[in-house]
Structure formats: structure tokens, C-alpha cells
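Chain IDs A, B, C and D follow the sequence of writing; residue 1 opens each chain.
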Amino acid sequence: MGHNVYLPKLARIIEIKEEVSGARPIKTFRTNFLDGDGFLYRCGQCAMLSVFGRGEVMISISSSPLVKDYLQFSVLKMGRVTSALHDMEVGDVLGIRGPYGNSFPLDEWKGKNIIFAGGGIGLAPLWGLVHMTLGNKKDYGDLTLIYGSRTSKDIVFKEELEELKKRMPVHLSIDVPEPGWSEFVGFVAQNVMDKKLSPHNAIAITCGPPIMIKTVIKALKDLKFEDEQIYTTVENKMKCGIGKCGRCNIGRHYVCKDGPVYSWAELKKLPQEY
Amino acid sequence: MTEEFEPRIIAFLCKWCSSAGSDLAGVSRMEYPPNVTPIQVMCSGSVSPLYIFSAFSRGADGVLVSGCHPGDCHYIKGNFYARRKLAMVKKLLEHVGLDPERFQMSWVSAAEGQKYTQIIKDFVNELKPLGPQMKLRRNP
Amino acid sequence: MEIPKILSGEMMDKILAKKDFPEWLKKLEAYRVYAPRKQDDVWNYEPVSGPGNVQLADVMTAVPAKKIVFPQREYFFEFRETDDNGTKLTELLPEDNPVVVFGVRPCEGKAVTLTDKVFSGEFEDPYYWKRRNATTLVGLACGTPPSPNCFCTSVNGSPHSKEGLDLLLTDLGETFYAEALTKKGEKLILEGQKLFKDPKPEDKKKAEKIQVEAEKKIRRKLNRIENVPLKLKGMFDSPFWDDESMSCIRCGICTYLCPTCHCFDMNDEVETTTPLQGKRVRTWDTCQFPDFTMHSSGHNPRPEKSSRLRQRINHKFQYFVEIWQNYQCTGCGRCISLCPVGIDIIKVVEKVRDYGS
Amino acid sequence: MVNIEDLKSEARRVLKGGKVKYIIGYERASETWKANPVFLKNPEDADKLVWDPTCFHNLVRFVVDEKRRKAKEKQPDTRPVGIVAKGCDSRAIIVLLQEKFIERMDVYIIGVSCESTGVIDERKLAKKTAGKTVQKVEFGEKQNYIVTTEDGTMDIPAAEIMADRCLECIANIPVVSDHLLGDKTKRAVARPFQSVEKLESLSQEDKWKFWTDQMKKCIRCYACRSACPMCYCDECVVDTINFAVTADTTAEEKAQRIKWLEKSPIDSENIFYHLVRAIHLAGRCIDCGECERACPVNIPLRMLNKKMEKEAKELFGYDVGFDADQPALISCFRDGDPEDFIR
């Protein structure tokens, strides 16, 4: 018998950044395993974070696998466990299990133009991917990031996005006009249409709230993207993370183990249970 | 082991009367046993049966709910409601076999520091021979 | 993970006189022994208090034998806050002590082979397997169906199925015909070796006859369900589920008492807060509770009881078949007999089969 | 005797007139000798209706469902639902009316009198039939049941297999109805709290032993809660998350929600759950006994609720489920309420 699959590894929080404050706050946590090693993971995978005494929550890993000094998670304060996470401080210890789930098929995407379309906290699962592809830029065609949030205050990775603009096209949007905002105003899907993205040799990955994912996929379809060219990540309530506890399934698929990354071609075939 | 058992009492005291009564006992330096953990509530009528079950579940040896005398409630009727509700709680706890002495209710006004100390003294003395409350205590 | 089987050719068939059964139990001192016991008109697998207190009969317990290998509650680990703002985790694996369960119904044995699949694979469940490996399941072939709602023969089972069992006993009246099926079962016979005799050819014939007769006594049938998995796939959005679930009251009986249901919850139970100390605990959970799939945002992918009944049927007759090529139902009939409102899985599946035709 | 044809024709009549959205009644499906709840939408379905001693269910449970369903509908059908109600069920409707959970016009009540008997207790019957397959159970003419098994019929005196709840029933005729079927003679019960009295006579230690033995069996399937028409809270202490959570509920609100008890089915948590349920049903439980019947491990839950009913009666002269206009037990008081237990 190997390692106990339910036993988290302990990690210490080495850095906390408050990305968004207000009613729907987001914080980014960087962690290091206490035993010095970590785990190997691929872009798109998630990990179970434990706040002992509170419980566990599945969070996508927002750092790129290329980064070796820390593991990063960006967390929206939503329920019991994420609230407890938000109360934690640098130096505190949490538990991490994983990595879990499938990943983005980066090998298949070599040589293609890649479009990232994120909304709100939905940029987190894409963030590692953005940096991974950027780090191996010669392997891919054009990289484009489209990101939208409710207001300018809700933008995650704000400084990093500014930095990113120097290296690849980044199109930001906010839902309603604000004084001083010079970029696009409207929903992510509208921004996708506005930028007239070409489906030619392209892959588009979208992640965000369910309604955003739906509208972005529709926009991409309108732009003549094929189902196979569109990817998204799905989330459902999870407990075990390893396809046994039985609650995150969409049809025969356990999102924790068989997901969270799906092409629209695959997801379309599954029942609407997410 | 000869050390005497010291019961732990959770007391839900209404802010306007009983809590003030216990304060009076304190500032007047009246002597009474230190076995009580007071929890101030707005009114005895606001004490949910859940609080009482929960106190026993987390290891209380006795639970006291104390409010204003009938007619003196800051919210006019709160203690009358409490009287009914907690009568039912008391009957229920007795029905499942909890020692009836473990759940008590009292009326203590802001001026009755003396009465408060007496109630606590009596309560502690009644609980001591019963030993620790293990029945409803969480047993992981 | 797999339970070592006895190779064919070294099968161990024996005869045990019923009067010697308590003697055998006495030899099993090293084991914690479970058997069905009746309390308040309800049968359940309970620890046996003494060797004379086991009466093996054709009874159906309320809670299936899965509770021995997959208890309703178990510890995963303890967490404890340390002085230096750290945390110490202590793994709490079950003990190795051997367990033997008597009177296991063949449908429950088969059910265990299904949970075996779930708890194996890439992420092997150490808690399940620790218990599973320590447990010897002694089946009792059903002479008469222990429940009026038995339908094992319709879901690839039988009242004398050997799957998942370590030892199968068949009641021959004065004796038990005992067939060791695994090394564990063989060991159990060896513990009381002197009590067991070699069977005569007519004993084997008698056992076989009883087993064949038993099959005929099963009244309920669920026929022609080969196409049900495919059918279910096409019925996901059908109003059928609304109608079928009208009388469901969303309790957990059908799933908690199902020998194949394995869904669970994990929670941190805090014992003290300063310093923090407690345990992570696994408990059964069920797809029939509304909070099972509810996101913390309040969004619920299965908000209605119709979607939850659909999940139960789909999981048993479609998803599980797609993943493991087996129905996740062994026909014990508990969910039918014990449903407070009489929802009958046989009828639901039959209606699915006949839907639209 | 309730004439089943009268029941069917009344159901047919109201369905035909479109007076009701549907009717909740009892049917007997094939392969079972017990009645099951049925939901009739068309007049021709009325023939499915049955009335026999296996009509255990308190169908008011489904009126609660209907209210939830209606709340989600964009253009709700405001017609009442028809319901076949026994005496105990009708008392449940009274409580729901009293608590303003439903309005009188939400239900069209077809009352059925239990006359001189009531429903049977399956476990008691099983002892009588000793393994024989039951095919049918019918009301007899004089306080008896006619049980048909594979071996022929048995005539069993009602008292021998009647459910405990019916032996102690104080409302054999529906308290409220729009159409009442069957004999309207009130049956007097000498000792409505007989079963509790036995338990009350035990010592505290024996009571505790009794209840811990029972609570050990609980598997927390919540069938008791699910079968109960009074357990309609959006937020139950045992749930990890609940209907009350919406997209607008803040993370703080969710995080601050107190976890009163653990999901683990251990003695202390089981009894905590059942105590909470008992006190929450105090002055509300109308003793339909469905919690006890639904329980797969046979915990005598009625003994908790019945005790509360008894105390409500003895301490406060309160009768549950007879008057929709009286205030609920714990939302009223009298100056002279007992306080001898207060220091």
C-alpha cells in the first residue's frame, strides 16, 4: 500500500496577496511544503486544501508548473472553508492533497494560436496555463488573453496583467462604465466578439462563472470556432477529490478525477449537471 | 483520587436582570463558587433549546437559564415565553433520563445579587453528588 | 487490490454438523465475530456475544454487511495544533484484528465486489482495504428468499452466488455444506479442522438441489434490461423523473441501506479549539439529500428530488455499467421493502425499459 | 364503512370540474399489499384510489412539497390540491394553517373517517402471519381486519395489529374537511398516553438506558424528518448547507453558521438530533406516527413526541391540531403557567 490518499501534506503559507477586497474578496496564497518537496502537477490540475478544523476545498493551482519555489492558489471567499482560508496569515500551516484531475492537452496545442478568455476568479485556473505557454512561447503561435470582471476593483492579478501586456495582447473589460476606464466595457463574450478572434489554427480556453462560460462559448461558435477548438473547466461540489465520494459526477464522469478540463465537444455530450 | 468534583455550569443570563444581578454579586464581593461560565443573552426568551442541548453536549454538568421576574421583562413578555418553552425542555431532558437537577431556571433581578449567589451555591451542591454529566456529552 | 482466490483444483468442500457450529465459533477466538441479530423486530449484523448465540437463517438485515468493511463512520486522521504554530497529523488506520461475518447474503457478497472496484485503482482507499483484508465473509446460501422483494437473479446474481464471499455455507438441514472460496475462507475452516468432514457425493447433490430450488422461489423479476443503460442516457431530460419522484420524501433509506452505495462525506470534528485538536471523519452520505451536491454558492446541480432519483437510477443502471460493466445493484430489495412511500426500483427500471415504446 | 366508490366519485367530480390541481391519495400498485401515495391529475385516474388499513402515510407531507414547488413556479397554478386525509392528517393541516404555512384555500380536503379502527402496524402483522405472504388487508365490520395471505384469509381483532398511534388516537374523524366520508361517530380513547406512561415510570437510569439502546441504532437517514409534515424548515440543524443559502448569502453568513452537531451517527449526536426534533415538534406533533413507521431500524420515536404532547396537555391544557385559530403552544402563555420548577 502506498501513500494514504486522504492524508494531506502540510504546507506553510509564505505569502498572501489581497487581490480583491469588498463583498467578494479574493486572496492569492503562496505555499511551501514543510518537507521541502512538492508534487509534480500539470496545467489545469487542482488540489484539495485543508484548513484543519474546518474542512477541505478543491482549488485550482494558479501557479505555472515551471515555477518551482512555491505553489499558488487564488481563492474567492465563498463558504466555510474559504472564509477560514481568508482568515489565515503568513506562517500558518494548511494541508494540501493532490494534484487532482486532468489537465490541458498542451502537447496537442503545440503550434497553435491560443486564446484565454477568463472572467472573475475564472482567471485563476488559466493563470498557470498563461505562464506555461508564455514560458514556452516558441512552441505556440499567438497568445491572447481576454479577461473581464464586474468592476475595475474586481480584477485579479492586476499588476501581473500590466506586466503581461508587455509580452502578449491582453484585452480587459468591465461590466459597466467607470470613469477613467479606457478599455472595453461589456461582458467577456462581447469582448470576444469585439476582438473578432480568428478560429484559424486556434484554441480558445474559457473559464469563469457558468453564465459567462455559456455566453463565451456561444460567441466563439458565432466566430466559427469548432467544438473541438473550445475548452473550459468545470467545477462541482467535491469532497474526496479522487472519484469515490460520489457527488461531483456529471454523468459517468467524476469532475475531480476525469475533469475539470473538457473540450466543448466532450462536455456537450454530457448531461447538464454542473 | 480524593480531589472533589467541581461541576461546570453554563448559565444563560438575561442582560437586563440576571446578568446585572450576577454583576452586583461580583462588585459587592459576595462569595460564591467559581463553577459558573456565564453567557449573557438579551432575554431568557431568546434562549433556544439548542443552546441548552449544546451546552450539555460540549460537557456542561449543569445548565442554568435565568431571567427577570415575571412582569419585569425588558421586552414585556420574553420571560413568559421562556417559562413555557423551558418547561418543555426540562420535561424532555428528564424523559430521556438526564438527572432533573442538571437543568435549572431562575428569576433573578438586577438587585438580587444575594439570590444569585445562593442559587449558584445550591446548584453546585446539588450537582456535586451527581458527578460529571456524561450522558449528553459528545463521545467521539 | 484483490482478494487471493483459491486456485481451481484445490477447492475445499466440507461438511459441518450444525451441532458443531458453536464449537467452531469457539475456535475463532482470534476473530471479532459478527452475525445477524434481531432487536426490536429488526435484524442487523452485530458482534456475537457467545458461541451459542448465532442462529443462521434466511433473514435480511436492515443495514447490509457493507457496514463491516465500510462503516458509517470512521476516522481518517487526527490533527493537532503544536506549540510552534504548526500542525501535527496522525494517521488513524483501522486495526488489523481479523473479523468474520456470518450469515452474509450472497447478494451482499457480490455487492462487496462492486465497492472493491470503487475503492481500488489509481487512488486506493487504505481504510477500506485495511478492513476488507481483515474481514472474512461467510455467506449463507438462501434457501428461501429472505425478502419478498429479492430479485438477485435479474441482476446477474443468484441466491447462492459465491462472488465476494470467502466461504459459502448451504443449509442441508442437519448440516452445513461449506465451500471455501478464498484463502481466508480456507483458513477459517482450518481453525476448526476436526469439526469438518469430507462431503459425500450425495451431500454435494443435495446442496446443488437446494440452490437450484431457491432460485425458483424468487418471485420478483426485472427482465430484459440489457438496453436500460442506453435508454437512460436518452432519458436524462425526460419529465418521467418528475412523475416517478412525486412521492419521494428525500430520506436516505434507499441509499444508506443499499449494499452497493458507497458515497461518503468527510468532515473535521473538532474536540478542543485551544489548542485546536480533532479528527477528520468519514461518514456515509447520500445523493438523496439536497445538500449533497449543493455548491457553497447556493447553486445546486441537482436541486429537485427528480434529479436525485434520476441520479440513483442512472448511477446504478448506467454510469456504473459504463465504468465497471456491472449493474450497481445486486437485487437485495432493501430499497423497496424499506422505502416509506413504496418507491420500487424494479418498477422504475421497468418503466425506463418500456418508456416510449 | 367508507364506501370506496364514494371516494372515487368525489375525486372524479373535483378533478372533472378542474377545481383542484391534482389529488393526493392512496393507490395500491401491483406486487405490493400496501398502499402508496398517488397523485391523480385526470378524472379517469380516480379509479386508482384505495382506502384500506395500509393507508399509513400522512399525505400532508406532500402539501409541503407542493408549496415549495409553487414558490419556484413563475406563473403558479393557484388552484388547491386535493388531499385524502385521515383524522391525524387533518390535524396536521390544522397546524400548518395555524402556523400560516398554508392557507385554507390551498387544500381541498376529502376527509376519511377511520371509524372504529385505524391503520395496521406492519411489524405486528408480520408476527401474526409468520412468514406467509400477505396479499391484502381490509377493514372488517366490527373492529377487526381481514388479512388475505397466500394461504387464505385471517380475521384479526383490530387491537392486535393496529398501529400504536391508532390505539391512542384522539381524532378518528377528520377535524377539518371539505367532503367527509365514513361514519362520523367519535371514538373515545380512555388512555391516550398509555404508551408513554410506561416509560415515565422508569428510573432516570433505566430511561437513559432505554434511550441510548434506541439511539445507538439510528443511522441518521432522516426518514423521520422526511416523513414528517411539520419538518418543513428551510434550515435544519443537521444539514451542512441548506435551502436558505442563495447567491446573495455572504461568505461570512455561511462561515458563521454554527455546526451544532456532527454528521457522525454516534450516541451523543444521535440523541442531540432527536432531542432537537422532539422539542421542535412540541405542541406541533399531531401523532400521525409516520416518523416511527418510516424508521428503518424501528426507534420508538413516538415516545419522544407523545411525551411532549402529554406535557403540553397537562401543563398548559394545550391540544394540538384542533383549532387553527389558537396561537401555537410556545408563541403564547398564560399568567398562571406553572413555574414551580423555577427558583
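Operating definition for what follows: contacts are C-beta pairs under 8 Å (C-beta built on N, C-alpha and C of every residue); 3 or more make two chains touch, one makes a residue touch a chain.
Computed from a prediction, not measured in an experiment: that's the story for all the values here.
Engineer: Which chain's mean C-alpha position is the greatest distance from subunit C's?
Structural biologist: Farthest chain from subunit C, going by C-alpha centroids: B.
Engineer: Looking at chain pairs A-C and A-D, which one is connected by more C-beta pairs in contact?
Structural biologist: A-C
Engineer: Distance between subunit A and subunit C based on Cα centroids, please, to the nearest Å.
Structural biologist: Distance between chain centres: 39 Å.
Engineer: Need the CA-centroid distance for the pair subunit B / subunit C, whole Å please.
Structural biologist: Roughly 47 Å separates the two chain centres.
Engineer: In whole angstrom, how far does the Cα centroid of subunit A sit from the Cα centroid of subunit B?
Structural biologist: 52
Engineer: Tell me, which residues of subunit D touch at least two other chains?
Structural biologist: 241, 254, 262, 264, 266 - these are the residues of subunit D that touch more than one other chain.
Engineer: Can you list every residue of subunit C that touches 2 or more other chains, as numbers and ranges?
Structural biologist: As it turns out, subunit C has residues touching two or more other chains at 265, 267, 269, 285, 294, 296-297, 299.
Engineer: Would you give the residues of subunit A that are in contact with at least 2 other chains, written as numbers and ranges?
Structural biologist: 78-80, 82
Engineer: Applying the document's contact rule, which stretches of subunit C touch subunit D when the two form their complex?
Structural biologist: 39-42, 44, 62-63, 72-73, 148, 220, 246-247, 249-253, 256-257, 265, 267, 269, 281, 283-286, 289-291, 294, 296-299, 338, 340-342, 344, 346-347
Engineer: Inside the complex, what are the residues of subunit A that reach subunit C?
Structural biologist: Contacts found on subunit A: 1-2, 4-8, 10, 34, 50, 52-56, 78-80, 82, 91-93, 95, 210, 235-237, 239-240, 242-252, 257, 271, 273-274.
Engineer: Tell me, which parts of subunit D touch subunit C in their complex?
Structural biologist: Spelled out, the residues of subunit D in touch with subunit C are 29, 31-32, 34-39, 57, 61-62, 123, 126-127, 133, 214, 217, 219-223, 225-227, 239-243, 245-247, 249, 254, 262-266, 290, 293-294, 296-298.
Engineer: Within their complex, state which residues of subunit B touch subunit D.
Structural biologist: 49-50, 53-54, 57, 70, 77, 80-81, 83-85, 87-100, 104-107, 119, 122, 135-140
Engineer: If you look only at subunit C, which of its residues touch subunit A in the complex?
Structural biologist: Against subunit A, subunit C makes touches at 76-77, 79, 81, 85-87, 89, 91, 93, 118-119, 122-127, 129, 236-237, 262-268, 270, 273, 276, 278, 280, 282, 285, 287, 292-297, 299, 301-302, 307, 314-315, 318-319, 322-323.
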